[in-house]
Amino acid sequence: MTGFLVRRVAGALVILLIISAVTFYLFYAIPRDPARAFCGKICQPETLALIRHNLGMDEPLFVQYWHWLTGIVAGRDFVQFGECPAPCLGYSFATQEPVFGAIVDRFPVTLSLTVGASVVILAFGIVTGMIAAWKVGQPLDKIASASSVIGASLQIYFVGPLLAFYLVDTLQLIPRPSYVPITESPVEWFTHLMLPWVVLSIIFTANYTRMTRSQMVEQLAEDYVRTARAKGMSNRTVFFRFAWRGAMIPIVTIFGVDLAVLLGGAIITEQTFSLHGIGELAVRAVQNTDLPMLLGVTIVGATAIVVLNIVVDVLYAFIDPRVRLS
Amino acid sequence: MRSHSRRIASITAVLAAGALALAGCAKGGGGGAPQGAAGTTQTPLENKAVSAISVGTAADSAGPAPEVPGAKPGGTVYMIDRDDFSHLDPGRIYLNYNSSVSKLFTRTLTAYKHEPSGDIKLVGDLATDAGTTEDGGKTWKFTLKDGLKWQDGSPITSADIKYSFERLFADFITEGPDYAETWLVPDPNKPFRDQYKGPYDGKELDTIETPDDKTIIFHLNGEHPDFNFTVAMTGYGAVPKAHDTKQKYDKQPFSSGPYKIVSHITDKSMDLERNEHWDPKTDPIRHAYPDKFHMEFGVQAQQSTERFMADTGNDKYAFTFHNAVAAERVQEVLGNPELMKRSVQGLTPFTTFYNINTKRITDINVRKAIIAAWPSKQIQQISGGEINTGKIATTVLSPTVLGYEAFDLYGKLAKPEGDPEEAKRLLAQSGNPNPTVVYAYNQTPTQEKITVAIKEALTKAGFKVVAKPLNPTTYYDAIGVVDNKYDIYWGGWAADWPTGSTAIQPLFDGRLIADNASNYSHLNVPEINEAIDKANEITDAAEAGKAWAAIDRMIMEQAAIVPEYYQTYFGLYGSGLGGVKFDPIEGEQSALDIYVKQ
Amino acid sequence: MTFPSSTATDAAAESADTAGSAGSGTAAVVGRSPGQLMWRRFRRDKTGVISAIIVLAFFAIALLAPVISALYGKDPYTTYGQNQPGLLNEYGYPIAPNGGISGEFWFGLEPGLGRDVFMQLVYGIRTSLSIAVIVTVITTVIGVVMGLTSGYLGGKTDYVIGRIIDTLLAFPSQLFLIVFLPVVEAAIVLPEEETPVWLRYVSICVVLTVLGWATIARLLRSQVLSLRTREFVEAARVTGASPARIIFKELLPNLWTPIIIQSTLALPLYVGSEAGLGFLGVGMTEPTPDWGRMFQVGVNVYHSDVTYLLFPGVSMLIFVVAFNLLGDSIRDAFDPKTKR
Amino acid sequence: MTTVSWSGEPGTSRGPGPFLSVRDLSVEFSTEDGIVHAVDGLSFDLEKGTTLGIVGESGSGKSVTNLAILGLHDPAHTKISGEIWLEDQELISAGSGTMEKLRGNRIAMIFQDPLTALSPFHTIGRQIGEVYRKHKGASKKEARERAIEMLRRVGIPQPETRVDHYPHEFSGGMRQRAMIAMALVCDPDLLIADEPTTALDVTVQAQILDLLKELQQQFGTAIILITHDLGVVAGTADNVLVMYAGRAAERGTVREVLREPRHPYTWGLLSSMPRLNSPVDVPLKPVRGTPPSLLNPPPGCPFHPRCDYAELAGPELCFTQRPSISPETGHGDACYLTLEQKRDLRTATTEDRA
């Protein structure tokens, strides 16, 4: 287990290094001058040069990248912004705040959104999938299958505004989506995030319904399930204790892969409902060509995905005793 | 302001912060008459100057500000907007949006006072009057009022003011205006930072004299008769030496105004509370009725419009500095008298226009043909009509600038949809009936559509149009290159203060052409350059106004730009608020007279 | 002491038999090829057939767009609303109710520019579908090649390809999509040239492909890894078959099912992604008709003109649902074990 | 000890009779391609403490028969008719609750491939124990002790630690032993072993078969041993039922069927089997052709397309009419050839080989 973790973490670090380098070089390849953003309306060339120096942009690209890397460990000191304690991902070109702080600040929103949506996706998707599998071929199964096909075909940017329009504006059934810290008011946290959760999870839920159903059907045809039945286990036991375990393995795997997609979905969802999460931060960074922020968000996003994938692998070992973490 | 229209700025949210910072603040003058409740039909904003701008007296400068009828102190006012304030350190402020909020906690030597009549007066804010000069603008003297205090209760002294100017030379203060810096060093033609490096290494700037705690004297290196307008810019606001946290000051400025910042979470929220040490008797422009302000950021125009329309919960007590009614909801809002009662409307100091690169299109007839063929009406329709954009413009100067004169050299108001026949005639004169023009545009959804219309209209007139999309984040970098390969590209501007000098000189003085400079049409006509110099020396405001209007006409005769709009602002606020007014100087809602209805 | 009877699939047939689904068991007996069987099963699936007809109809519309345009008498580029007075009001919205639907403009007019919605939709299918098809084909080919190479060769190659796949899958791709497109173009096109339409088209394909192939490659890699140790492959190897032969004759035939299933899954996803790009403002540029851009406009104007959002929304929903159902049917036909 | 008889009237309650009695059992699957007649009118009996070997090729219906006894078929796609009596309990008409109580308790089953037949997610101990808990109402602790005891009984070393292992940590033979332990944990009266040794190597096969025998002697369990391997039958079973195309082709005691096979199909099976006492250079003779389609079974005797002697019984008989098994009790087979014809042909072939 320890060996496994050490190797996986090392691998993850390499991946993150590659991603950061690619992103760094790629984004810096955009023909633009961020220094211009720090210069007044009527900008003197000397001022521009001063700003470039302040930002460390007068150095070769690989030196800049090196500074960026060391900043994460040791912190940096910018003339333009002041001190930036470790872990320093630089300062935003747009808001002039430390990138790391901004991300930490936004983290609870995105975490609430994705965790909540994951719960909806897994709970609802798996439950409906199991119901469908339990009632294979019966009307309930057909309804579940049909609605999951439609759900899987929907787009966040189509459903989001429509639901908001009808549920919030027209019918006023639920409050307008926003983020209330759970520490402040758990109830409001819940009610205000309901719509985003639903919208973000619609597409995924449908997929998990389909997947759970087909996995369950497949597992129910497995030999060991037949053995369980031959042992006199009741249908319920067979279904929930035996087949379920087997069906969960591919679902956990797919969920690990989906996390990246879910994060992408969170971007659109946050954008749709104006939630100040990391996704929204990212989109603004893109719009502003806010390189440090973009880089920071990309790295944090990638880190989240990589770490969660390790978690999924560990989880995998718990679900499937055949898998050994070595 | 370099945002094409609020629609583009707010909805597609693609303008780079850079562009926003560049956009500068709206120190334009003149009063687009605020039109509070305009009923269900839109009241047309006339193309006429409403420029009752004057310099106020010491009496005008004395506090307290005249009471707003019906206003009572107390309550919390909410503010929702798309963006957080990019800067709060006065030295780094150029953007109108930052200025609007700074007025709540940063005071300047002079400020604009909005008379109930709609007239605007430049009055002393920290100073007892709008400043005095006896040598045509080379030496300026200001005297501080009594009873001025920082938020910790310590007095605001002339040394603080001097220090506020000195620190503008520091290497990290690069975003704000640099008029004063350039004028306060011995040689205006050399980089000012080479001549003084700021106060942090202990050196003082000897061109600012503080004979006592109340008096401050500026010795400029030239005649600047409108220097008292210059120091009204938030960029020259007061910063205390004892509490200057350098870079950190940008997030937590030390208050000299009626409120202080109690918390500021970047991009999310900012909370203001009363500054008990602020004395209303010293302040001619601020009321400070609410006890608190809670500001929320990240609300797109679409959402803020919806929230104002819904008018529930705390949104009842909300206003917005900058967010306009989302273009797609304008129709709905205009049709709802109840909403119109809670709307704010007015002409901003911003003008927008299409630069014609005179370096590439040297034939004036081709330039005139472009203006003639231009589909102004179609563009306005695509952008959501007049209320979302502005009045179709025909001049360089905005009606909000002192001295503005209305004229329409190319008959655009008669044929706003474009006159292909006239354009063809002009092209025939030029000798090339089918010139190729490169139209570069900011690649945003609205701009793409506008491009379709422009291409169609110009093609009809015989042009061959190459449409060149530019990345919104690098748009200004691309068109800012002197040797750019584009012929027509959009731009916008607002004067830094309501005289013609900052409205015209940066854009059309041929001697200022440089990479990243703002003379995007690259116009370099000696007569115009000379006229600019002359106009700059006129000390009488009305005379100067006339001179600038004449230059305006000269520029339009050169067909250097296709004027687009005099921008309008149209915003909503919650039903629980009173005293929400349009600020024609900043071109957005003002927080100074706001109160919670009780 | 066993019967050397019948075929090598003895065990498989027996278990299929005992499981109560004699499908594959009898297949060998009747002697139909898997292709024929699949076709037979598919034809019997009503949902599948209807979906196929709908999907084909979409493709037909895409192909026949110019014909439809000629019959209908309009094109997707003319700004009817701006050229003819009385169609759009001063805010650019259609004056007639329901987004300006009329006998002349069947699906109404686009707010702002006043182009014909029906034509936009018809030509928009072309853009969306062609991009989706191209990207699906390319990602599948790359994915298959990489997956096969990685799985078959193993060792260092596998390690390198595996890490590339990991990296790509760990990348927040939504972000990458938004940022990468402008970068690609800025790098290629000279400032004074108009960015050609095909370049944006190609960039979209390239970006979607770069981020898309990893999924299928990962899937095929694991499939190949499990196939590689199977007897028939071992046998081929022992008998000295060349790697090419093993890959093309032994491995590939066994991979067709996952490949086809994966690509039917992917295609509607790419339709969505392409529209998503348009929605975020980095998709196809004006004036090329594009569904994603219609969405973007639609989401902005739906309060005043909901019709304009509904047309692309519902059309896309129908297409994606039909394609997903078709995909399911194809999957069932290939692999009756997971019958719906 | 006669195993196979026609006693008993369908539908009537029975007095003391054979322990297990299958009467006219038919099993049909509906598939997309049509109806598959997997088992067609099969009858047989089984007494306590004896072993019945069911032999046949793939798809001959032997496994289906036994799944029908356990009621493990997919009810949506399967039609079953006939009767199955376990002492005085009719199984086909029994409710699912009754069947649940019987399965694993009175009737247990061992499957061919212990790797796939055991749940990979649960420990061996738990899988054994849960049967005991379900049917005997034992506590977790008792179940665990019972599991250890059972593991010890089937010859697994260190059962105290092995009980907590997962199936993938066992070797193939050990897994099958565990499987047997699981089947026998409730001392069932009837054990159905479906190809219990096919997946194992030869030495382990023998051990497993010995184990089954030994346990049978200890507990008096009746065993149905399904196999396609006559060798296994020869060493283990008391009686044999040869199945072909869902029907009984021949039945009798092991001695009868192996020594004096009557049905040409049985001959084929035997001649395709290597013997230790026959010369190595004599080639084995497999049954030619392939098993018939159960969708469209050939008319007449289902074996006729593969039978070398079909003409001997007359020009049409084998091709048009289905032979039924005769005589009704004792050593019987379903063939139109006379006993003399069979004996002559049999002698001829045996001499050929010898």
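Order of writing sets the labels: A, B, C and D. Residues in every chain begin at 1.
We adopt the following convention: a contact is a pair of C-beta atoms (placed from the backbone, for glycine too) under 8 Å apart; a residue touches a chain by one contact, two chains touch by 3 or more.
All figures in this text were calculated on a predicted structure; none of them were measured in a lab.
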item	value
Middle chain, criterion being Cα centroid separation	A
A-D or A-C - the one linked by more C-beta pairs in contact	A-C
Chain A and chain C, separation of their C-alpha mean positions in angstrom	24
Chain C and chain D, separation of their C-alpha mean positions in angstrom	50
Where chain A and chain D are represented by their mean Cα positions, the distance between them in whole Å	55
Distance from the mean Cα position of chain B to that of chain A, given in whole angstrom	40
Touching two or more other chains - residue numbers and ranges from chain A	30-31, 223, 226
Contacts with 2+ other chains: residues of chain C	19, 182, 186, 302-303
Chain B residues touching chain A - in the complex, by the definition given at the top	13-19, 21-24, 84, 86-87, 94, 171-172, 174-178, 191, 193-194, 246-248, 250-251, 265-268, 297-300, 303, 306-307, 310, 471-474, 476-478, 480, 496, 506, 514-518
Sites on chain A touched by chain C in the complex	11, 14-15, 18-19, 26-27, 29-31, 145, 149-150, 152-155, 157-158, 161-162, 165, 214, 217-218, 221, 223, 226, 257, 260-261, 263-265, 267-268, 282-283, 286, 294, 297-298, 301-302, 305-306, 309
Residues of chain A touching chain D in the complex	137, 222-224, 226-235, 242, 245-246, 319-322
In the complex with chain A, residue positions of chain C that touch it	15, 19, 163, 166-167, 169-175, 178-180, 182-183, 186-187, 215, 268, 272, 275-276, 279, 295, 299, 302-303, 309, 313, 316-317, 320-321, 324-325, 328, 337-340
Residue numbers on chain A that touch chain B, as the complex places them	30-34, 36-48, 50-51, 54, 78-82, 93-97, 101-102, 105-106, 169, 176, 274, 276, 280-281, 284, 287-290
